[in-house]
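Next, two complexes with chain A in common: one pairs it with chain B, the other with chain C.
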Partner chain A sequence: MDLYSAVHGLVTWLVGGILGLLEWLGMRGPLMQFIRWMYGALEHTITVAVVVILVLVIGLLMVILMLWIERKLIGRLADRRATMLGFRGIGKGTGAIQLFADAIKLLVKEDTTPKKADSHVFATGPSILVASSLLVLVAIPWSDGFAASNLNDGLLFALAVFAFAPFAVFLSGWSANNKYTLIGGMRSATQMISCEIPFLLSISGVVMLSGSFRLTDIVNVQRDMWFVFLQPVAFVVFLVAMVSEIERIPFDLPEAEAELVEGWQTEYSGMKFAFAMMAGYIRGFAGCALGVILFFGGWNSPVPAYTVQLPWGGQFAGPVPELWFLIKVLLLFMFLVWVRAGLGRVRVDQIVTIGWKRLLPLAVFNIALTVALLAFSTDIDSDPLVAGVAFILPAGVLGLVLWRWRWFG
Partner chain B sequence: MTQMWLNMGPQHPSTHGLWDLLVRVDGETIMEAVTKIGYLHRGVEKIAENRTIEKFLPLNDRLCYVANSSWTTLFVMGVEELLDVVPPERAQYIRVVLLELQRIASHLVWLGAYCSDMGLLTMILWAWRDRELMLDLFQFLTGARIMHNFPRVGGVRNDLPPTFKERALKSMDYMDQRIPEYDDICGRSELFVMRTKGIGVLSLEKAINLGCTGPMLRAAGLEQDVRKEDPYLCYDKLDFIVPTGKDGDGWDRYTVRLEEIRQSVSLVRQALRKMPEGDIMVPGFKMPKVLPAKAIYRRAEDPRGEGAVYIVGDGKTNRPYRLRIRSPTYVHLLSIPFYIQGSRMSDVPVIMGGADPCMAEVDR
Partner chain C sequence: MEMEVVRVIARPLWVTLKYLMRGLWRRPVTVLYPFEKIKLPFQWRGLHQLDDEKCTGCGACSRVCPNICIDIVQVAEKKKRPSIDIGRCLFCGYCVDACPFDAIHMTGNYELAVFTRQELVLSPEALMKVEDVREGTIDEEMWKRVYGDEPIPEWPPLPEKPSKGKKDAAKKDEAARPPEGAAPAAAAGRAREAAK
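Presenting the complex of A and B:
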């Protein structure tokens, strides 16, 4: 059973009950017929809307969870306690309500627009950012069943939407009519240009191995062996490029607070700032989820299947795939928090160097290796000559890089 | 690309205090820079002309909010030279302990700020956490954490508290464990090296011509330290080395200052162990009603460089006729425009931080 049919069943049951109640109350005739016809026409739309709202709410809950984890973990790594605000009884000292307090504060705060800013674009920027980030969540399945959509090209869709954010950042930075935000927006564009290509290339190895762009297929292929072991080079490239894509330390150049005040977010206040902040974490979740799906076997659990006899009768069949997915995503995110605590920020020319001169050759090398290995493996019927050429060319590029390092370094 | 002027201050997260660096940027490259200082000017030198020596002493603490006692000690040493008073040996050792603890605290603040300029916010919390130990020791010794007002003309205000030695030695042992950790998170981090190596290179010739002193000059490669070449207090009886760098870039400034923390830890240990018993004030000393009519120039190694006072007594009153304070960071800040050209925007905080500015001391 998947999410859609479950929600559909729920909606049918609820609406059927309400209509039955109305009929029992004596409501008949053309109005009732019209309502029934209306429901028949809108049945699927309502279901889809409910599914999407569900995914949205789960995404926002993830933002809260990840923000809390990041604050607490980074606090501990810096030898402090981080947020402590909590209720007196339960959750004391855990910072459980700090995030809700922050959200209320940001909602209540005055929303200012600079006088000389292009106010329409200024307001549109965070909206595009948050909308495109939420759109990625639609493409990400939590398990075979729990998915808002199971597109044939789910991976392509997710990556396409994922790459949209620098555009919004650039727009907001430019429209605020502030020198710091302008430089921040420019940096975002620079960063996107230098890290987007290695990001996509690193994923192509996984796609070759799994033979599908459908995210559920990619996960199911990894039932026996995670791709992180088959594609270690791709994973390294993916991780670095992904951190750059979601603009976290060490690659948070667009909001480098040391030199650019708050980068492209400088002029934002109130809810617009909250949007910018939220989008960052949604993208963080999306990036980690993609990483887990592509390299860590998605919701495949390392524990073999088991059943538990429940005390009130019935059986519980484990493991729960969604739970394992969540655990893996949060572990990957904790790794990113750890990186953030231990590293500073690179310079803008250094990120271009990293993207073009380090990640790109590595990604190309990985593709060559994957092609060669696939070609020489028995279960794929392809021309070894073609594969050999396809291997030698990028490997030659990499050899050149290694041989003449200083040309590139 | 069109060039534009950009304010890196005075209300900017990267500035270590109230000052302004106007930079002309071409894209991300710095073409030109202009320093603007004076936001914190209080006229300390003029105030000194209307105060007796004792009344002016607490104001010295306000000269630098990170290394307070080094300025008070420097001023007191100047007055002692003016009055031909030599403080007892125990007082000298207590002053050295205070000065070196102050140097550790000041360099820790610098290290934290320097790393937070590169986005490494963990380090600032670690550094400030360990600075607390120094502040606790100050509180134990002087009763105050920041504004100590501890040295007196002819000695120090009070003797070491009974368990001070053990406590200070324990803190120094703790620092010995901590310093390798700083080196792990900064010096061994490829990213820290990327951000500091070759950044803000101040050649030795330029540094000498501009009048840079202290860690800035030592990072450029000259082994210059007032504690060695013009020993004051009991520094000639203590054993320490003067660390130097090679290139005068951000990386050398880091290594020099980290090594100075190590040396200061060892100096505190030595001073505590060698400290003789005896008076802490010159017996029977009273401030004379009239300052002698002569001028003295006393210099000392501040954590930031060579600080100096020039005191003129007029032979009629007990107020200095003129007090001139030489602030090392004043020179360091104003020399930034001479070597910042060609750097990137992201290097500006690193270069500004490398000078270790303390605005209260620059503007006076």
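Presenting the complex of A and C:
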């Protein structure tokens, strides 16, 4: 059973119940017939709308959860207490209420636009950012059934939408008519160009092994062996490039608050600023989810399959796969929080160096290695000529890199 | 160079992880300020306290104040006392040093926020009413973390709040003191000459 059929059944049951109640109350005639016809026409649209709203709400809840985890964990990593606002007062809670307080504060704050800013583009920037970030959530399945869409090329779709954000960042940085925002937008573009290509190349090894762009297929292939063990180099490249893509701390050059006031977000206030922050965390969730799906076996259980006979009858075969997915995503996110607490920000020239001179050769090396292993393994039924050519090309690139390492150093 | 990169990445990660692990069985260094308070050191320079019995209104504090925030005001006929503009005060403690009769003390009060600027100018009457409240506890765990096995020193008792009945005692104290009326000013003059 997947999400659509579940939601469809729920909607049918609810609407059928309401209509039946109305008929029982004596409402018959052409109006009732029209309503029934209308429902029949809109049945699938309503289902899709409900599923999309469900995915949206889950995404926003994930943002809240991740913000809370980040604030608590980064406090403890710095040996201090984090936010402790609770229902009973300050210092008596877990700090979960603080996020809602912040949201209310940002909602009621005045929304200012600089006088000389290009006001339409200025308002469009965060909208594009949030829209493109939420669109990634559509492509991410939580399990075989729990997915808003299970596209054939879901991975390509997710990456394409994922790579859209620097455009919005650049637009808003340019339109605010401020030196800091402009520098932030430029840095975002630079960073995206230098890290997007290793990001995509690191994924190609996984795609070669799984033989599919469909995210559920990629997860199901990893039932016995996670790709992080088969593709360690690709995972390192993916992690670094992903942190750079979601602009978190070692690579948060576009919003370097020590150098540029708040980077490209400088002129934003109120709900626009909240949108910018929210989009950052949605992208953080999407990046971590992609990492888990591609390298950590997605919703596959990390413990071997088992069944426990429950005393009241029935069997327990481990928690639902969505829970494993959530736990893995949050663990990966906690690693990113740890990295944020520990590391400092790199310079602009360093991020370009890392992207072009370190990650790109590593990703190409990983592709060469994967192709070689696939070509020489007996499992794969491939044309040796094709495999040989496919091996020689990346190996040639790698050889060039190794031969003229000084060019890259 | 590669080794340096590894060190730059690995070391801060290890340090933060260490603090996280430590936080599992010890509490973090920060205190929840309005609810928990750290015991102040006894040398703490907070709000001033004026001893009406000892003060003679000589104005030594006003002259020595580097921020010119002490005004000598007339409180009664033939009675002048200092009033202090806390908004300008930098809590250097010169007035305490300069006072020939030991009439000004600094207390541990540091919560001095008020709603108007006028309230920051404390009249002599208000300064006389200031109580030395040093609440808060010394955090033994924090002391151990900073000073190791060094024992926690005994806090000396707070200066006694003069009351009306202690007038004679104050007089006696004054008599016991060697009469050095303008000594601090003279000392300052000497120091200035030495600097030249």
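List of remarks:
To be clear about the criterion, the second predicted complex is superposed on the first by the 380 of 409 C-alpha atoms of A that agree within 3 Å, B and C clash if a C-alpha of one lies under 4 Å from a C-alpha of the other, contacts with A are read in each partner's own complex, and residues count from 1 in each chain.
The definition used in the following text is that contacts are C-beta pairs under 8 Å (C-beta built on N, C-alpha and C of every residue); 3 or more make two chains touch, one makes a residue touch a chain.
Computed from a prediction, not measured in an experiment: that's the story for all the values here.
Counting the residues of chain A touched by each of chain B and chain C gives the higher count for B. In the superposed model, A:V55 makes contact with neither chain B nor chain C. Contacts of A:V339 after superposition: chain C is touched, whereas chain B is not reached.
In the superposition on chain A, A:I90 contacts chain C only, with no contact to chain B. Of the two partner chains placed around the shared chain by superposition, chain B and chain C are both touched by A:D79. By the document's definition of touching, of the two partners only chain B reaches A:D252; chain C does not. Using the contact criterion defined above for the overlaid structures, shared-chain residue A:A241 touches neither chain B nor chain C, since it reaches no partner. Using the contact criterion defined above for the overlaid structures, shared-chain residue A:V11 touches neither chain B nor chain C, since it reaches no partner. Residue overlap on chain A between its contacts with chain B in one complex and with chain C in the other: 77-80, 341-344. Contact residues of chain B toward chain A in the complex are 4, 6, 8, 12-14, 25, 27-28, 115-122, 125-126, 129, 185, 189, 191-192, 194-195, 344-349. Contact residues on chain A toward chain C in their complex (touch as defined above): 73, 75-81, 84, 90-91, 338-339, 341-344. Against chain B, the residues of chain A that register as touching in their complex are 74, 77-80, 179-180, 183, 186, 249-250, 252-253, 256-261, 341-350. Per the touch definition, chain C reaches chain A in the complex via residues 9, 12-13, 15-17, 19-20, 22-23, 27-30, 32, 34-35.
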